[in-house]
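Scroll down for the structure; my scribbles are underneath it.
Think of it as A, B, C, D, E and F in the order they're written, each chain with its own count starting at 1.
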Amino acid sequence: MSGIVVQTIDRADSAVIDGLAACGVATVHEAQGRTGLLAPYMRPIYPGARIAGSAVTISAPPGDNWMVHVAIEQLKAGDILLLAPTSPCSDGYFGDLLATSAMARFCRGLVVDAGVRDVRDLTAMGFPVWSKAVFAQGTIKASLGSVNVPVVCAGALVHPGDVIVADDDGVCVVPRAAAAAVLEKAQAREAAEEEKRRRLAAGELSLDLYEMRGKLAALGLEYV
Amino acid sequence: MSGIVVQTIDRADSAVIDGLAACGVATVHEAQGRTGLLAPYMRPIYPGARIAGSAVTISAPPGDNWMVHVAIEQLKAGDILLLAPTSPCSDGYFGDLLATSAMARFCRGLVVDAGVRDVRDLTAMGFPVWSKAVFAQGTIKASLGSVNVPVVCAGALVHPGDVIVADDDGVCVVPRAAAAAVLEKAQAREAAEEEKRRRLAAGELSLDLYEMRGKLAALGLEYV
Amino acid sequence: MSGIVVQTIDRADSAVIDGLAACGVATVHEAQGRTGLLAPYMRPIYPGARIAGSAVTISAPPGDNWMVHVAIEQLKAGDILLLAPTSPCSDGYFGDLLATSAMARFCRGLVVDAGVRDVRDLTAMGFPVWSKAVFAQGTIKASLGSVNVPVVCAGALVHPGDVIVADDDGVCVVPRAAAAAVLEKAQAREAAEEEKRRRLAAGELSLDLYEMRGKLAALGLEYV
Amino acid sequence: MSGIVVQTIDRADSAVIDGLAACGVATVHEAQGRTGLLAPYMRPIYPGARIAGSAVTISAPPGDNWMVHVAIEQLKAGDILLLAPTSPCSDGYFGDLLATSAMARFCRGLVVDAGVRDVRDLTAMGFPVWSKAVFAQGTIKASLGSVNVPVVCAGALVHPGDVIVADDDGVCVVPRAAAAAVLEKAQAREAAEEEKRRRLAAGELSLDLYEMRGKLAALGLEYV
Amino acid sequence: MSGIVVQTIDRADSAVIDGLAACGVATVHEAQGRTGLLAPYMRPIYPGARIAGSAVTISAPPGDNWMVHVAIEQLKAGDILLLAPTSPCSDGYFGDLLATSAMARFCRGLVVDAGVRDVRDLTAMGFPVWSKAVFAQGTIKASLGSVNVPVVCAGALVHPGDVIVADDDGVCVVPRAAAAAVLEKAQAREAAEEEKRRRLAAGELSLDLYEMRGKLAALGLEYV
Amino acid sequence: MSGIVVQTIDRADSAVIDGLAACGVATVHEAQGRTGLLAPYMRPIYPGARIAGSAVTISAPPGDNWMVHVAIEQLKAGDILLLAPTSPCSDGYFGDLLATSAMARFCRGLVVDAGVRDVRDLTAMGFPVWSKAVFAQGTIKASLGSVNVPVVCAGALVHPGDVIVADDDGVCVVPRAAAAAVLEKAQAREAAEEEKRRRLAAGELSLDLYEMRGKLAALGLEYV
């Protein structure tokens, strides 16, 4: 089942991808019906990054990062590396040398359901990573995995070419075919929120804004 | 047991509350006999905030944030929202719209034994949150909970109107009735520490400052 | 087995120690054959610190920091305090007063397989700490432990006088006797990486740089 | 705040207590409005035990079981010891000698938000324990705690004299004053379930038994 | 995306399914190239069960088990219920009444990436469950999910009709279309192991049985 | 540092080893001054086993069990295999074939700071294992580790030939040279406990048996 590198994958439209980045994870996640979120243990190595890109997926053996080297050759500008180990692992699959190489290919970041290292350098380089752990323990190069096959990463199914959105709230995957429709809904949501934000900031209560009082009373909410 | 909103709660004196904020969590916790601390997994979404305020408590079903909307109406200037789910949950109960509304009521922050989202926006807005998780997974509005009832939050019992103190060390609850007395002890402690700090910085050893050598020798401490 | 303070320990050469700090944890860990790393749950209280120093070790009972006071007297300039509790504990063994005292002795930082508190002050003071938890819960001074005995800290064996290297990637221990040899290998590794970094930044692939293509093909990697 | 032993506590009626034991944790928890459950990490040391009794509560320092000895003197026949440490701890607070003593006072079991040891002996003696951990690490007797004060144990508030119900599903606390009413509801629930069980066993679907089809259709459930 | 019930799914041949059960999880997992395993936190509620069946999948909101009732109608003899919540949850989705109903439809067991309750009754009934938690906290019936859609359960992708194999080692999913081929490999593996077991029991070393000595020497293994 | 097999190790006297097994983990741990315990997450795969033996240690790469095969050749009757991975790992390093081979050499059990599989077979064979996880995920045979070198296993330092004691309370290591002295203390402890057990069973309170009342009063314990 492993030992495969798929060299040609479809990607979403780059304007759609950038639009999704601008909306951010929480909005995109709502817009696609509350699906696609990776587990909450996936955290950024530094705050403030917000990216989206096409997933170049890596299925790797535990403690073996050989396939990362293989995957970097498959990167196109705007892609995001996404690695899922085949069994739970905290080792540091990725460091500053691999980031240098990935950035030379205009890779936007890494999502890894395992560990990462050299985070001080990665921060200085502005290469964002979302990971399960930060751990200096390195990996070996002994066994094959696969590149650009479907993977389950931190509990979410990711196909190569799916859009990955990542920011301080976590990581969300948008199926490639749905990306444009999800963006539309996300932007509509954002526009609607702008008006709500203005009214809430002015002191209006969401109980009134969303007309919740009647429903709450019907369910029996009691004020004492 | 749920479906109750208590509209009138007693609060501690605002000067006492602000005094407790100035002392910080570690000092307040010591001053009240090492009680009142929430579990160590409660972490701030950004470093540096130090607040105190009166607890407006929320008991909410898992994955359902309807009661947050209800609670915001009960906020007075200087309050802190404190939410405990009725079963363990990591969902993001709170985001930037709710923060906008809470800030319009001069709420000082949120303590939530569950998840929070939109943390980039919350950070930019300067609205501090202490939570168990950061997770973009949203919540629904389907079931009732209660507002301003006693709750157990991250292992600590909190009554509405108790003083919540929160900073980079975590979160501590001070029973409303004890707040003034605890502040007095905390300030005495701080004053005493100032002199100790000066002497320690000058190179004096705490072994001598606290006269520990005799007790250690009596217990059998052996220097080799 | 407890109640011992060893007053004389051997330390590595200070130039070697400083050289190891400059290399950082990930490089040092590789250079000594991927050994010596503390568990990945050991995290810095603020980003950016990178230190190395000689370990003054503390074996302490759970929730009792008396031996920290004893250990501070044993510090020499450039040392690092390293504390291992005798059973799992999250309490805050160390705060700003102890840091003041340790800094008066030119201690470079603390590694504690338990909790720390006053992290806002410690950050302001520039005293770096790597810990399992941040927790305001204080400790007592009731039972003896030992100072400068071998300890297992976060899964790694540490002898007093071993070199501790710590940065954003975690914490690594280098046996004192091996420090000079490890430094040599680490520096060689760094020099080699510099050239690799330049070539990777120029767009060369690691598949070519490390001549991996043949080995991957021999193992059956298939491009489709 | 510590150093108190309350010698006189009220207990619920023993027939009520035994009735709650017969209903079991899941039913009792439902019957009191889904409240009172301790955290899911509280697990029995052997399967099959189902008990209820009046709580004799212990607030103990981390790693110090002195107050267990004090609490045993306060036991009456049918009581359950319930221990909450004042900071997170996995040490083994309780073993076969203490169990021998507790059984001599007709104590029905132990609930401890920390560790327990001698579990092979405890199993052979038929003394049930629900704990966070099994850990041979013993405790010391150096500091005071309190007996029969309110405690938060594994996330639940427990007053001395409250009824503790424990079985393979976990542990639930029933406030003493509510015990009789909760028992009535629990028994009604059990009676109703008996009829449901018979009909479900005969092949009737809960969709029909509970008349759910209409509500599901109204919410838009689609069969394809 | 939710609110769908797929009523017709394809299932693997029942002889193949029973063959996979006989092989067990570890062998099946090896036979299909070390893929398909659910996370190691999925544990059986009692030891000794070994089952296989066709997955009837459930995607359910956190803390809401309404879709379990819907799914039971879709069960055919030999099926296994498999539930994945849409966000992390420990609540008890399933108890003895639902098990009674599922057994009336000849369901073989439940796999749930959340909690289960009434485990004493389920054990007595011989209805096996693999779960993330045992927790008496019940669920509500307020929101829709889906039945027989693809889900990610404890890190593994499961399509309705896939074969689930579960025993004391955990849970493994075999894609329906691959089931017959995987069984063939698993049985071949078992046959080969029988001969190995005989030789190892007789004292032959695996170093010789697998002819490892040469490879180990070539890699530099040194006997001292 | 890896790639070493030490063929000759010293072992403790077999009568001492068997004596330590009879005392059990909790007693042995107390007898050697509360040291030597492995982390509380190390749990037996079935209840009731109580063993002691000489450690044949294995340092293995993550997800690679090749060295287990090498270690089995080094076993003598009465030994215990003890495996520590070089980075955190949950994979199943050991199953029924390896157990068959180990039992042919009269190995008494396995302690593994990682996963184990085939636990149903291992239970049926009566081969006890203490592990961090049960996980069917297998391992590869690609990289060298070492056999009979000092390792840190689940937080405890173990030298080859040290005595391992394991039962339902966990796992404890006794340094070889200290084994006889520890046994003597453990047996003295057991003898003393027998008398205490008798008196406690007769209803005497430990407060009186250990003459604690005076010390408690001196510390200020207050009965109300």
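We adopt the following convention: contacts are C-beta pairs under 8 Å (C-beta built on N, C-alpha and C of every residue); 3 or more make two chains touch, one makes a residue touch a chain.
For clarity, every value in this text was computed on a predicted model and none was experimentally measured.
Asker: How short can a path of touching chains from chain A to chain C be, counted in steps?
Answerer: 1
Asker: In this assembly, which chains make contact with chain B and also with chain C?
Answerer: Intersection of chain B and chain C contact lists gives A, D.
Asker: Could you work out which pair in B-E, A-E or B-C copies the interface of A-C, where over half of the contact pairs coincide by residue number?
Answerer: Selected from B-E, A-E or B-C as the counterpart of A-C: B-C.
Asker: Same residues or different residues where chain B meets chain D? The copies count as same if more than half of the interface numbers are shared.
Answerer: Homomeric contact, same residues on both sides for the most part.
Asker: Check C-D against E-F and say which one is joined by more contacting C-beta pairs.
Answerer: E-F
Asker: Which integer distance in Å separates the CA centroid of chain A from that of chain F?
Answerer: Measuring from centre to centre gives 42 Å for this pair.
Asker: Roughly how far is chain D from chain F, going centre to centre by Cα mean, in whole Å?
Answerer: 31
Asker: Just curious, how far off is chain F from chain C if you go by their C-alpha centres, in Å?
Answerer: Chain centroid spacing, chain C to chain F, equals 28 Å.
Asker: Mind pulling the chain C residues that touch 2 or more other chains?
Answerer: 34, 37, 40, 86-88, 90, 135, 137, 143
Asker: Sort out which chains touch which and give me every pair.
Answerer: Those chain pairs satisfying the definition are A-B, A-C, A-E, A-F, B-C, B-D, B-E, C-D, C-F, D-E, D-F, E-F.
Asker: Can you name the residues of chain B that touch chain A in the complex?
Answerer: My answer: residues 3-7, 46, 66, 69-70, 72-73, 90, 92, 95-98, 100-101, 103-105, 115, 117-120, 123, 133-138, 141, 143-144.
Asker: Using the touch definition up top, name the residues of chain C that touch chain D in the complex.
Answerer: 61-63, 86-91, 135, 137, 140, 142-143
Asker: Can you check the complex and tell me which residues of chain A touch chain E?
Answerer: 1-2, 32-35, 37, 39-40, 86-88, 150, 152, 155-157
Asker: Which positions of chain B touch chain C when the two form their complex?
Answerer: 24-26, 29-30, 34, 37, 40, 43, 47-48, 50, 167-170, 172, 193, 196-197, 200-203, 205-207, 210, 212, 216, 219-224
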